[in-house]
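What follows is chain A paired twice: with chain B in the first complex and chain C in the second.
Here is the complex of A and B:
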């Protein structure tokens, strides 16, 4: 879809902060880039492995808390925070995946909901470590060693998030054209058949799940150092739902889909601020309509259009 | 080479296999025949590890394999080509062949050689490496399924209903292919509803009824057996 146009897309994304030139819109761009990263990580589970998870926000939260706590209390340089967040989130992801991935389908989704709630509850009540419902504030802003850049400014932080997003998008693409990625798809399409061709279904799923949780951790770290305040609500169902909406509405199983989905979510969230909590109804309706009428997400519209163009050209 | 003894499998509370004994010798073609629901497919699935046996054991080359996972069993050379020429519709022919080679013992070193061999067997696949499997004809899909199995370097290939839904002329080609694999030294365990075809190809046969082996012996002798003729050959 964006093949060949990639340099152009990157260039446009690169100058966006100058084009909008408004701190508020720049702030939304940062949120978009971070959410897009999170949506891509969820997409690995929902889109590539074909399992629904309701626990993804927990790993986002783990990443945010890990990086915040390590940098504030243990002197970890902030730029190492996302790496530490990835490791800790991946650890939790591997342990939970090891238990939960023994079952699949709706039962797996419910199990992840349970694990997500447990992590949320622990975060909420382990006041000594997480300060509980008060959350953690005054988190140090992102920084890079040897560079004196003020990353509290949205137009600066945007580039950090954008670079990470592009790296992850590229990584997803490389993964999905590799043997491992093909094994993901094989497991999604038909697990018994995948097993009978020699794919280790359980470990393939565990690998995908762990990578996805690590990436969610990175997203959480960036989020924490950008907003500089985090609360256990990061792990709540509201964020779970938001990420699922981004992936499904954008188009699961693609790379551009979740990125677009994140953009729509962030834009609607702001545009609908006037209607207050009715926003959630709008999102629910959007998700429902998408599942019924556009199961491939918004990117499938483009495919239909391109397909028609190709058919028209041939006749 | 492959030795199954007392194999039992349950689906929930229902026992589907009540203790199957069978053997496949090196380089032999052995067929399992029987009507729908007799347990042929279940037997293959239990051997390849997709279903867990609840009793009995499976040995391959002297090693017990019934507690191994499917991918470990494939790595030992027991490869299952499932019923209904199951493919990943959106993957290309080449991607199927790469998937098939995932557990091949000779690894990347032997990959090119095996690919050449598979293309020699199925020249049509070479022309269609980039075609998506879902868009191919039934016969070609069956070729892809078997080729995918062959990429795993089987010592024993288990084919489940390979002729199902194929045109008669395609079935003849398939029979030739099975004989070619046989000459290449691969042991074949064939499940087939076309009993006439199966008995013609095989060295030995087992007749299954409701989860039990009720008859076994040399394939040509069974083809002459009155009970088999009456029940399966319509004579």
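Here is the complex of A and C:
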């Protein structure tokens, strides 16, 4: 739906921080870009592989902790943090995926919930490494080698997050138009049929799961270096639910959907600040309404509209 | 001396386990009859506990009446939940239904936090502070009641499913929904009934267990996790499995918490799910696949 208009979209996204002007809205933009990245990573599992995972926030947390601990305790340059986070998260993702992907359906969701909860518990209790429930604070801000840019400022961090988001979105698109991406869809639609055409279902799923967890790790690293405080709560069910809401409300199985979903999440979170904790009820209602009445998410509204236009034009 | 500590741990574990059994039985019934993994199941436990609290404090009825009122009210809510959140999706993929139940769960949990407040509540039961001694072991009367009431209810549920007309209709629907419909069973009605029973059991668990701990609106996610663990151990859809699995989980947690580390007590349960799902996905106690 944005085909041909991509340069325009990128240009608009590029000047957004100047348009909004104030530092607080710029901060919202950074959060949006990071959440959009995370939502895209969850979309890989939920939208493309067609499995529901309740453990995705754990990989977000692993990424955040990896990058924070390596840069603070082991002197890893901060710009390498996201790469290290991707590798460590992918390692956990591969091991857990190797075990969990043998099971499908609701049991897979329960199993990932179990793994996620164990990782959360370990993070919460391994005080020597993670400082436990106190979390890690004073994480060094993001930096690039040889450049003296203060990335504690939201308008600058926004570009880092935006570039990563665009790269990931482009990567997702490239992946999904490739042979491997088509294998993902085949596995989602009908695993036995996919297997009969020679697709290795298990390893296809494992690949998708591992890529998704690696991306979640990158998101975690950016998040940690931006907010500079992380706690084990990053791995809690609250974040799992938030990511699922973004993907489902935006539109699973598309690239633009989760990005829009993240935008709606961040915008509503802010717009509904006045109603306090009632906003969580609003999010839950939004999720439920989408699941029951709009299974394709908000993106499908556009398709419906565009389809009607096309039909109207033809007649 | 050590023997006494061990015995006490096992008794505590059995009591906790009986609470898990009540939660898990509803979860397993809903899965068996409707093929739904209901992520919102724990919220009915939470509602049962809170309604008991409000019946006690606002209406001033006694504890037993409050528990019964809460159970009946939540059973009614269960019918509503099925009607609005699950029945419209009957023909959809299990994935969609699981998401709908996640939405329902978040809706109830966050709504409850808004309505009831996030501060802890104490459900006053006249039996909570009375300790009774059985040989060298000490158990509060409330905990004895949890165990005894749950045991009676479980026997009742077993009898109900096995021997009553409604129970047999539930079994038939579980085995083959189309076949059951062909023989004239109103499966929609059976589904609603199953939901009422399941949610009622969860609420009863909440009402019974609440006086033994502080009560938070977030307790539902704890309850559903325990329920999942038990159901996975016992085999999805099996009531006997839920009974054995619940007691086993209670004892294992109690011993693990006592002898290994209290912090990792909850992780033990998750480790069990992972091991069971990988080693015996059909559950520990099932001889073959129970239904279908």
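Just so we're on the same page, the second predicted complex is superposed on the first by the 315 of 315 C-alpha atoms of A that agree within 3 Å, B and C clash if a C-alpha of one lies under 4 Å from a C-alpha of the other, contacts with A are read in each partner's own complex, and residues count from 1 in each chain.
By our rule, a contact is a pair of C-beta atoms (placed from the backbone, for glycine too) under 8 Å apart; a residue touches a chain by one contact, two chains touch by 3 or more.
Fair warning: this is a prediction, and the values are worked out from it, not measured in the lab.
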Room on chain A for both chain B and chain C (clash or fit): fit
First, second, both or neither for A:21, with chain B first and chain C second: neither
Touch count on chain A, higher of chain B and chain C: C
Chain B versus chain C as contact partner of A:307, first or second or both or neither: neither
Partner chain in contact with A:189 - chain B first, chain C second, else both or neither: first
Contacts of A:77 with chain B and chain C, given as first, second, both or neither: neither
Which superposed partner A:281 touches (first chain B, second chain C, both, neither): second
Computed vertex angle (chain A) for partners chain B and chain C, CA, steps of 10°: 80
Contacts of A:133 with chain B and chain C, given as first, second, both or neither: neither
Minimal inter-chain CA distance - chain C and chain B, angstrom: 7
Partner chain C, residues of chain A touching it in the complex: 50-52, 99, 102-103, 105-107, 109-111, 113-115, 117-118, 121-122, 124-125, 237, 241, 244, 248, 277-278, 280-281, 283-285, 287-288, 291-292, 295
In the complex with chain A, residue positions of chain C that touch it: 37, 85, 88-89, 92, 94-96, 98-100, 102-107, 109-111, 113-114, 118, 221, 225, 228-229, 232, 236, 261, 263-264, 266-267, 270-271, 273-274, 277-278, 281
Chain A-facing residues of chain B, complex: 48-50, 69-71, 74-75, 79-80, 82, 86-91, 95, 98-100, 102-103, 148-149, 152
Residues of chain A defined as touching chain B within the complex: 179, 182-183, 185-186, 189-190, 192-193, 195-200
